[in-house]
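There are two complexes below, and they share subunit A, which is joined by subunit B in the first and by subunit C in the second.
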Partner chain A sequence: MTRKLALLLIVTVLFLPFLPLLIWSFAKGWYFPQLLPQDWTLQNWVSILAISSKVGQGFFQSLLIASISTGLALLVGLPAGRALGLMTFPGKGAIKLFLLLPIIVSPLATLMGIQFMLIRLGLSGTILGVVLVHLLPTIPYMTLVLSSVYANFDTGYEAQARSLGASPIQVLWQITLPLVAPGVVVGALFAFLISWNEFLLTFFVGSGRVFTLPMVLFTSLQGGNTGLTAAISITSILPALIFLLFSSRALRSDAAIGGLGDV
Partner chain B sequence: MFKTDSLPTPMPYLSLQNLTKTFHGTPAVRELWLDVNPGERISLLGPSGCGKSTTLQLMAGILQPDQGDIFLEARSLRRVPPEKRGMALVLQKGMLFPHLSVGENVAFGLKMRGVSRVEQAERAIAMLDQVQLSGFENRSPSELSGGQAQRVAVARSLVIQPKLLLLDEPLSALDASLRSDMQELILRLQDETGVTLIIVTHDQSEAIVMSHRVALMFDGCLRQVDTPEALYQHPVDETVARFFGGVNFFPAEAQQRQLQLSGGDRLSTEHPQQGPVQVTIRPEQIHVMPDPICGINLLPVTVTQNRFIGTQRHLTLKTVANLELQAWVPPSQNFAVGQAAIAHLPPDALWTFPAQAEGGDCSEQGRQLASTRSRLGNGNSNHQAPDQVEAQSLS
Partner chain C sequence: MTSAHPKLVRQRGRFGRWRQQLSEISWQAYLLLLPAVSLIAVLFGGGLILAFLQSVGLLGLTSEGSLSLEAYRQALGSGEFWQSLGLSLYIALTTTVLSTVLSVGLAMLLQGTGRWASFACQLTLPIPHLVGIAGILLLLSPSGLLSRLLFSLGWISSDQDFPLLVNDGANFGVMIHFLWKEIPFMTLILLAVLRGIRPEYGIQARALGANPWQCFWHVTLPLMRPGIISASLIVFGFIFGSFEVPFLLGSTYPKTLPVLVYQAFTDVDLNQRAVAIALGLILSAISMSLIACYLWLSSGKPYRWLVGRRQP
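Right, the complex of A and B next:
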């Protein structure tokens, strides 16, 4: 009973900030000193859900960019994380520090140079260009998460599988990936959300031609339509919530977690 | 590179030839030669860090040797990846795949070989029956006890009918009673399947129970490969003898079957030797009698210590020439401390080895052990333990 109460409390505290947003998105004007809006409307949501709306486009563009960024970050992060987690080589500490650079250094400081490069490459204002700059913060996160996952991974499982007749590819698919899956899910979640919420890099590199959800939100915020902005905000939180629910299910499976301990 | 003075002998089932593996400049395995017959149970025995697990991993293909080669059924394994070697590995921790059920674990090797689903299930279940785990196929590995997990690991390895079953300290994580049950089980399974078994262990009693021959390793070198009996009775040097619980060592001058002790006593042995030697006798082979009798190899002694350990009595004896001997006698034979007695050292139990042969060069011994295919000594290892004196011929 107390446990349920505590859980309820946590959920309430976490979601309380979203309550005004939810109310705003259905309100037709909500001004001081009203406790609740006088008039309600579905207009904001209707305009968002219209297929041709900016919001819809932004949503799918964000989804596309975040998915590709996550995929590419995984492609780099899996081998890099393995190397950092399992192998010892000179300069490993320096490489780990180097990986933190995009997190330490403000993207504003590097934007000029990046923009200059991307313009020369003709990638400014393209989705590919945006994906590339999104890799700047996502690859370090992914690599660091996966390196700590691999640090707890016992390669004895792989040796065992090889001796039982599994080829390296079979070992990867049947043993290694299932065993590191929880870490991969966490890393992918991080990468996806970082890319999904990225504003500054997209704003400059996209040059107004790549229009992700945060950009839509930004313009709407400038436009001053509070109800519409609230609705867009909620839309932009949705994938994070869905992803979180999905991954918590993946993380709960103790068979997957078990791979990190010994049997 | 190889001498060809002996007639070509048929290639043994498994042959390790001149295996050398170095980690960061430290040799883990040095010039190791070993032949194994089909269906043989052989154990690699030695203290931790002696290179026995490395040797096993070289066989399994997890590690690549810096030098040398391994032949299985006369086929070089140098370029054969682990999955194609037909060797199954059982590691200390069992290493059951935690995301698969017990049945899926056992069937894993079959699945990799493309065996049909129905046959996989049939053979996995039959194998689980053989290790007395019927009905466990749907359980998760996390629900198993340590002994059960290890039995599943053995089943998983045997179901693929390997040419070689490699066990790396498979029982060291289990408690004593479970361990002897597992030893019985493994011996029975080996008997039924006829699989060639190589077991790595640091426990000499386990090595003795489990194997036809024991390969004793120190510092990356094979010291002696012999039957358990021979290792007890006829160790090649003091280190080997001490590893198998030898406690009595004393110097003597040998003239064929006569041993002249430094204190003046004369003993005769059935094992002829020449020159300065180190004599050893196992403590359980010394007979202690309260009264003088007629015969040879009798030493008058005084009992200086008497410890009752349940199944035996451990006596410490001192001869007139101040030589100390340990004798393990039946518990019924009680002696008072200070009591005079006669120690009988049977001639067949008195074993000798050259006094200076302690240690020796790895390649020297490797060559001896390889008997028929010996290597002309060049690759002399530059790493020598400080106590190792100049390499000498052992025979």
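Right, the complex of A and C next:
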């Protein structure tokens, strides 16, 4: 009973900051002493839904950048996760720590160094430049999640398939990947969200030309239109909601997230 | 066949042992790690090196300069730097300690409640920090929802009576935001760790007469330690280097270190750019050494950690 009450309290507190956002996104002039707005409006949402709006562009740029960086992180994370999850070798701890550096050490100095290179290469303020920089946090998280996925993987299945005459490629496609798929989905969702939510890296390297959704939100937060800011905030949460829906069902095994507890 | 010289046999034996040891190492592992490690090395390491060269004047956007430590002198010479460092450390340490203690408690409380607990803890995990900031601003500012609620209850008579919780001198807003965001994250990790701990240890301790508190303090907590260390490390590193939260929710003076870096980086005076980079590198160096200290202090056997082969 106490636990249920505690759980209810926690969920309420965690939900509290979303409440004013929800109300504001439909409010029309909501002045101080009013507990609830007197007039409601859909204006904020209508202006967001216009495809040509900054928000629409930001949405698609974020989608593009997050998808590409997730794909790239997956490509290098799968083999790295396998090595860290299944094999023992000298220097494993050091390599793990090295891969973690980008997420525990402030990226500011690194960013300013990378930006110098990107300017020389003509990639500053381009989507490609931003994707490259987004690999800094996505690769470590992806590798961590996948290493704990592989730690629970039984290589016996692969040996069995090999002994029955399957080629290495066949083993990879028909045995290994299907078996690790649920964990891979978690890792991919995680990486996608990290890239989707990333502000600082885009801010420093995008040179004000790459306008992802967080950049649009940041600009709006510094402006004065509270209703619009609230609506943009809620739009930014959409992928997170999909993540939550998905995670409550498919990701019941916390093997994947447990990887973060073992760095 | 001629019989081999005894010394040669001994050498061949030693060589053979080395060869065997070398072949036992799975070289494949390094090959599999190569793409990820080299990408991080190029991006992170390369970025750091380029940043360093810029900060000492060897590399510039406009001209190739000469070696000078002027940027570091300027960065460390200003009183603002030390105030910012103090503020950053204060925010990061307070919030990390608070969220670690609260998360351990929460994880113990929610242990065994299963899926719903994990779900509740995931509520803030995937939310962008900027959205959290917007929510906290609209909830806790003097004209925010909480203030309106207190007003309609008659507890305050105007928005001036509401305590300043955002952009305040004590940075309560920043810390509330981080607690809101990081406690669920840590709890989620710790719940996963707790689930991996065999219940037999606790049962055994209880059977031998330990009370629940002793059982927690002497059995469960030590078993959770690796998880607690990793989680608090990630949280500390993140908060210490976070920019947008103190920028939008924090005090206007002093500023945290990352905000100071940003301010120098966007200064109209291009010479300030080297100062910004020097500040950024100092920030990285501080967080790296703090992390090293923490790892060293928290591991019973220093440096063991890096060599690998963690005990189960």
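Please note the rule applied: the second predicted complex is superposed on the first by the 227 of 263 C-alpha atoms of A that agree within 3 Å, B and C clash if a C-alpha of one lies under 4 Å from a C-alpha of the other, contacts with A are read in each partner's own complex, and residues count from 1 in each chain.
As a convention for this text, contacts are C-beta pairs under 8 Å (C-beta built on N, C-alpha and C of every residue); 3 or more make two chains touch, one makes a residue touch a chain.
Since the structure is predicted, the reported quantities are computational estimates derived from the model, not experimental observations.
Undergrad: Thinking of the overlay built on chain A, is A:165 touched by subunit B (first), by subunit C (second), by both, or by neither?
TA: Once the two structures are laid over each other on A, A:165 reaches subunit B alone.
Undergrad: Now for A:229: first (subunit B), second (subunit C), both, or neither, which partner does it touch?
TA: In the superposition, A:229 touches subunit C alone.
Undergrad: Between subunit B (first) and subunit C (second), which does A:95 come into contact with in this model arrangement: first, second, both, or neither?
TA: So A:95 only meets subunit C here.
Undergrad: Would you check which partner chain A:9 touches, where first means subunit B only, second means subunit C only, and both and neither mean what they say?
TA: neither
Undergrad: Counting residues of subunit A in contact, which comes out ahead: subunit B or subunit C?
TA: C
Undergrad: Go through the superposed model and pick first if A:49 touches only subunit B, second if only subunit C, both, or neither.
TA: Touch status of A:49: no partner.
Undergrad: Can you list the residues of subunit A that meet both subunit B and subunit C?
TA: 254-255, 258, 262-263
Undergrad: List the residues on subunit C that touch subunit A in their complex, please.
TA: Result: residues 25-26, 28-33, 35-37, 39-41, 43-44, 46-52, 54, 59, 61, 106, 109-110, 113, 115-120, 122-124, 126-139, 143-145, 147-149, 151-152, 159, 180, 184, 188-193, 195-196, 226-227, 230-231, 233-234, 236-238, 240-244, 248, 258, 261, 265, 273, 276-277, 280-281, 283-284, 287-288, 291, 305-310 of subunit C touch subunit A.
Undergrad: Help me check something: in the complex, which residues belonging to subunit B touch subunit A?
TA: Listed in rising order, the residues of subunit B that touch subunit A are 57, 60-62, 81-83, 85, 87-89, 91, 93-99, 108-109, 112-113, 140-142, 144, 149, 156-157, 160, 166.
Undergrad: Would you tell me which residues of subunit A are touching subunit B in their complex?
TA: Per the stated touch rule, the residues are 154, 156-157, 159-167, 170, 174-175, 178-179, 254-256, 258-259, 262-263.
Undergrad: Write out the stretch or stretches of subunit A touching subunit C in their complex.
TA: Against subunit C, subunit A makes touches at 3, 6-7, 10-11, 13-21, 23-24, 32-35, 75-77, 79-80, 82-84, 87-95, 97-99, 101-114, 116-117, 119, 132-133, 135-136, 139-140, 143, 193, 196-197, 199-200, 203-204, 214, 217-218, 221, 226, 229-230, 233-234, 236-237, 239-240, 243-244, 247-248, 252, 254-255, 257-258, 260-263.
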